[in-house]
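Next up: some structures, all given as structure tokens.
Look at the two complexes coming up: chain A is in both, with chain B in one and chain C in the other.
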Partner chain A sequence: MVKNQRKLNKYKIQQMIVQFLPLVALVVLFLVFCAVVQTKGYRLDMYLKIVFNEGIVLAVVATGAIFIYSLGSFDISLGAATLFSATMGVLNYNAFENVPLMIVVIGVSGIGCSLLSSILASIFHIPVFVATVAMMSVLSAVSAQIITSRGGALGGISIPSNVLKSLDVPAFKIVTLAVFFLLCLYVFNFTKIGRREKFIGGNPVCAKLTGINYNKHAIIGFCIAGLSVGLGAFLTLVYTPSVTATTASSLGMNILVAIVFGGMPISGGADSKIFSAIIGGFSYILLDNALELIFDSSSGYGITQIISAVFFLLVVYAASMNYRTKTLPR
Partner chain B sequence: MKKKLMKWLNVGLVSVLLVSMLAGCGKKSDEGSETKSDGGKGETVKIGVLVADVSSENAMAFSAYYNDYVAKEYNVEFQFTDALEDAASEKAAIEKFASQGCQGIISMSSSDRALQIETCEEYEVYYAVATGMLDDAQYEEYKSNEFFVGQIGASMTAEYETGLDMAKYFVEKGAKKVAIYGAFIPNPMHVYRTAGVLAGLGCTYGGASDQEGIAGQIFGDQGVDLSKVAGDVEVVAYFQGYGDTTADEFNAASQAAPDAFISVGMGTTFFAQQLNTAEIPFGDIDSFTSSNSEAMKNGKLEYIAAVYGSSIGPVFAVMLDAINGNVIRDEEGNALSINQAYAVATNGDEFDEYFLKDNSDSPIFDKETLDAIVSDTANFEDVKSLVEAH
Partner chain C sequence: MSKEFMIEAKKMHKSFGSTVALDNVNVKVSGGEIRGLIGENGSGKSTVTSIIAGMQRANEGEMFFKGKPWNPGSMIESLENGVGMIVQESGTVPGISVAENIFLGETAQFRRGGIVSRKRLIKAAQEVLNSIGASYIKAETLTADIDMQSRKLVEIAKVMRKNPEVLIVDETTTALSQDGREIIYKIMNQMKAENKAVIFISHDLEEIMNVCDALTVLRDGKIIVTFDKDEFDEDVIKTSMIGRELQGEYYRSDLDDSYDNEVVLEIVKGELDDQLREFDFQLHKGEILGVGGLSYCGMHTLGKVLFGAERLNAGEVLAHGKPLKNEKEAMNHGIGYVSKDRDYESLSLNASIKDNISIGGLECFATGKFLLLSGKENRYVDEQIKKLSIKCQDRNQYVMTLSGGNKQKVVFGKWIGRDSEILILDCPTRGVDIGVKQAMYQLMYQMKKEGKSIVIISEEMTELLGMADRILIMKDGKKAAEFMRSDKPQEADIIKYMI
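Our next item is the complex of A and B:
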């Protein structure tokens, strides 16, 4: 009896360590980053602002993406959807010069893209990965066509820089992220939607036998992700009023990396954590920037990517140790 | 339990190794900066360079010129970005350079140049364009900006004319059938070059025969639609993309027996061997490299328009002047805008003029040449005449 209690305590401690490891890693990376910036003699306040600006879009879109990943699904088209939404926003603003309407169009475009992916996956039973790869190609191609044909020699399309400039301040972005995150936190942790999504991700067969409708929850998950795509596209335009064919091109992969850095298994399920998006997103950006500062980009091109990849594998390995336990996840 | 412990130890050890590796790399970098030559006076000037392309031969020649020659001859330190992929990464790069104490930004990246200027203004660092140019409307808007030093490069009109001249060269040699490689359309530079090629061949495109009319349609079509080409010279094949052309496609084009193969960028990289084997004369807008030298002297490369590594020397000089307090303005008091034409070679001797004379030990724009405009008294005419003389 005592032995079992000890085992349970040990398991609980181990779980707690694993739970807090990503947060500890974020704090460590933050301290390392600050130390590197100070050692180099650069301005820390400016660098922190840069990191925040780089991380905010990733954190927002990744937060929405958690709802897809927790199902055990995988969406590679989120970057392309962000590009498409931003493109639609720019076209709309240039046609009507109405910011609220532009925001609505961006949001609808984001949700529309995600809905299309989920319909392809849920209704037509196309594997989610295949559907999102196809969506990524289509959305990128359509956006590129619009951008290059309308942008001409400029190579991109844009709204006047003063339209959203007043919103390009940390306070607005922090509030936006906080409101969206709290909304997602509530839905994910305190409603049936979140619990059922984790259940589906953990064991789809069991979930089905319990009467949980996969299609319904997949569509809800993709819709929330679509909302985050729209918000990400809007924040992209707040930072840079122009859109080129390569805007947000690396976002889809960065979300995957961020979620893993945040301590969430790609397979989804019960271990899915809504905090993973923010923690992982900013951890990844901090790591990337710290490496960029340590390695001279002209001589070390490629080295930062290799080290990022090593860190990625390390995190996956560390996380997998927790999953390889004989005890079922709680 | 022991297994678990070992696993955690493994992770810990790998982490320590990584951190040690990072620390070591950081130290090496610092040591390197201490041994940098000090060719000038006073505090070292830091200049950030925005780069969109880090791997082409042109890009490498540019960075070698700044790092291996200019940085040694002047008291300057260059910070280069990785390949910038969009406007957001350009803005972030400028912010990083500003926080690193860079006093000037030289741009070789063109996702959003208007935003680049506005960001430089926000952080009060000077800005200059080294490759390509702002479009006319943008230049008009920003020409009086106090932090916009100027632009020295090829305008879209210059790109168009470079393609036009290359096509005319082959027409004058009697070409009646040609194949075209449009490189990376919809890259604007390649669109305008291709538009120039079509115009130079005497062809219309969708009924248009002027620069903007042809370029606008190519942007819309995302390439060249051969059914829209009309003229005395027949375009028997059209390719584009980064290595997208298959051997079968090339063979089909080759069997149409074109009199010339006209490429608007990197054609020599992808097709030189096949063109030499098929004995099809070809032209390209590329760079002065050893492989192109070989193709021109012993192959079928007959025409090349290119920039050379040190062609970005004058823009550095005007940037240094601005940082030192002499912000050079044109006759109307605006930022400089000087067109820098491509150098053209049609035989081995002309090729060697640029290829052999321009290297990081003794570039065409060497210190002696640049010193003519690196001074407190240099003015617009001095810069313009120096650029046009080379």
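Our next item is the complex of A and C:
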């Protein structure tokens, strides 16, 4: 009896550790990052600002992307969609000089891109991976074409720097992230939509036989992700009012890595956690920036990528170990 | 019978997290013996055999195969060395051919000039299928395109190809019709004649008593007793399994087949490929309607059609007189569906008990139209856990860690929680022990008395005879016969209409 109780306690502690591991990792990465900046003799406040600005965009888009990932799908085109939305926003502002209209255009562009991906995937039954890879290529190409043809020698297009300058303050960005996150948290954890999305990710066949419509929920999930793309594009313009062909180019892949860092299972399902977006988003940016500072030579980029990849594999392995301990054949 | 022990396990202990699955288990199986393992769901039967077959390792204890230490690192290693296992759940890969499944990981032997000769592979696989008596399965067919029974036979072929000296059959027969069962019995008897050993797990007491030479009873991860064939006594075995005498009725004892005249679910001239032909069907309020037949008679498709999960080519399904087109509409009409393929179609295994039960009844505990609060949800789930006596640590336990019977109770909880008026149960007691079976039968009867309607689709005639008000026998997608409970039909009367 005592032995069993001890095992139960050990098991519960193990589960708790797994639960809080991403948060602990975030704190550790933050401390490591601060130590690296201090050791290198750089200004910590400046680097924290960079991490904050990059992290906010990643966290916002990843928060929306959770709705796709929880379905057991993933969208590699989110970065390209962010670039496309920002490009549309710049074009629109330069044509009409109207900020609210620009915001609407950015939002509609983001949702439109995601909606198209979801329609290709759910209505036309094209595998999500194929649909989003195609979307990534198309959106990147269209954006690059617009940017290079209109940007001329500058290599990019931009809005006047003073237009959104007043919004480039931490308070605005934090409030934006908080409001969007709370909205998503509500939908994801406290409504039927979120529950059903997670259940689809766990077993789509069973979900169908429980009366859950996959197409409907895929479209809703992609639309929320599209909204986050629009918001991410807007925050990108707030931070840097110009758009180049490489803006947000790695965002799609970074989201995948970030949400896994944040403790979300790569296969989606019931264990999907919306907090993974924020925790993983900032963890990834801290890791990326810390590595860039450590390996600041010309070969540093490659080393940074390799170390990030190793971290990613370790996290996935740890998550799968936890999965294996749950298996009890009867 | 030879007294050489083929397999011997000593003082085996295994735990999963806080759950002790095996506690000081000792098993000895001789050559020329068919040993049955029996016990309630979660008693440790599959755990002990999965350790013997190399699927996992014990925490403590030792094993011997033909007197030599035995500690296989994987099922492949185990099979290569003479111990094969046919698992309870699906063990085939759906996206490849039957032939590729049979020679999975070993197709290199069919290579010519670096390319696998498909012709030779298929020929060899077909020979294996023929050798076990499953020649009707074509080796070139995509595994996803064959039914559950055939997939099981492919697994059997895969194992038997290696000519094992010890064969473990883990609740395989529950997925098989009588024909399929005969194939496996033949293989087992042949192995016995060749002085090899078979360990056979089944919840069908009658089957296990017929087939086995000795029977070991497990309960709560412990060996309770081993009976030799001449000691077999159904009541004593049942009592050993559950640790108490079964209280109350097993099946219904009454002959009252009355029900309301109101038709709650109906099919009018239903046509669906070769599964349903000019099929008319009516379910009444307060009726338990049994549907029986051979595996391919269309009865499993009928269950899906009644729930709106399969669309008819012609004809219509009416629920309370209104056309029913999909699962959502079925649920709106108070219909619930328990699939035969529990793990694949009725549960999300990587989710908790809470997630699986509450998903069917979100609207039952939602505040307003949208808001889901965990307090209300927890009460809702706990009520089902209590009502159905689901054995678990708590509501957050993963369904994959539950035994078969408790998994099935979770599926029931999903539909009963939302107070379904009509339940379509496709082989609801497949792979569950007698204690759980009895609880399910009592629940069905209780529901009937409350005016609810049940369609029970089953390959077990005794179950239909024991529970149904009316039994409908299907053959080749058509209604072959109908029996009323009050007419006291016998199994033999029914079987002649099935074949």
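Here is the rule we use: the second predicted complex is superposed on the first by the 311 of 330 C-alpha atoms of A that agree within 3 Å, B and C clash if a C-alpha of one lies under 4 Å from a C-alpha of the other, contacts with A are read in each partner's own complex, and residues count from 1 in each chain.
Keep this in mind: a contact is a pair of C-beta atoms (placed from the backbone, for glycine too) under 8 Å apart; a residue touches a chain by one contact, two chains touch by 3 or more.
This one's a predicted model, so the numbers in the text were calculated from it and none came from an experiment.
**Student:** Does chain B (first) or chain C (second) touch A:192, or do both, or does neither?
**Tutor:** Second partner only.
**Student:** Contact-wise, after the overlay, does A:149 reach chain B, chain C, both or neither (first, second, both, neither)?
**Tutor:** After superposing on A, A:149 lies in contact with chain B but is clear of chain C.
**Student:** With both structures superposed, pick whichever of chain B and chain C touches the larger number of chain A residues.
**Tutor:** Comparing chain B with chain C, the partner touching more chain A residues is B.
**Student:** After lining up the shared chain so the two structures overlap, which partner does A:206 touch, if you call chain B first and chain C second: first, second, both or neither?
**Tutor:** After superposition on chain A, A:206 lies in contact with chain C alone.
**Student:** With the two complexes superposed on chain A, say which partner A:306 touches: chain B (first), chain C (second), both, or neither.
**Tutor:** Neither chain B nor chain C is touched by A:306.
**Student:** One more residue to check, A:271. First (chain B), second (chain C), both or neither?
**Tutor:** A:271: touches chain C, not chain B.
**Student:** Should A:16 be classified as contacting the first partner (chain B), the second (chain C), both, or neither?
**Tutor:** neither
**Student:** Taking the superposition as given, does A:50 touch the first partner, chain B, the second, chain C, both, or neither?
**Tutor:** first
**Student:** In the superposed arrangement, does A:169 touch chain B (first), chain C (second), both or neither?
**Tutor:** neither
**Student:** Is A:239 touching anything from chain B or chain C once the two structures are fitted on A? First, second, both or neither.
**Tutor:** In the superposition, A:239 contacts chain B only.
**Student:** Jot down the residues of chain A that show up as touching in both complexes, chain B in one and chain C in the other.
**Tutor:** On chain A, no residue contacts both chain B in one structure and chain C in the other.
**Student:** For a test of understanding, state which residues of chain C touch chain A in their complex under the given definition.
**Tutor:** Chain C residues touching chain A: 15-21, 41-42, 45-47, 50, 55-56, 87-88, 307, 309, 326-328, 330-331, 337, 339, 344-352, 355, 358-360, 362-363, 366, 370-373, 393, 398, 400-404, 414.
**Student:** Using the touch definition from the top, list the residues of chain B that touch chain A in their complex.
**Tutor:** Within the complex, chain B contacts chain A at residues 4, 7-8, 11, 14-15, 18, 21-22, 25-26, 29, 32, 54, 63, 67, 78-82, 85-88, 91-92, 95-96, 98-101, 110-112, 114-115, 118, 135, 138, 156, 186-188, 191-192, 215-216, 219-220, 222.
**Student:** Could you please specify the touching residues of chain A with respect to chain C in the complex?
**Tutor:** Residue positions touching the partner: 4, 7-8, 10-12, 14, 189-192, 195-196, 198-199, 202-203, 205-213, 265, 267, 269-271, 323, 325-330.
**Student:** Would you pull the chain A residues touching chain B in the complex into a rising list?
**Tutor:** Checking each residue of chain A against chain B gives 36, 39-43, 46-47, 49-50, 53-54, 144-145, 148-149, 151-156, 158, 161, 236, 239-250, 291-292, 294-298, 300-301, 303-304, 307, 310-311, 314, 317-318, 321.
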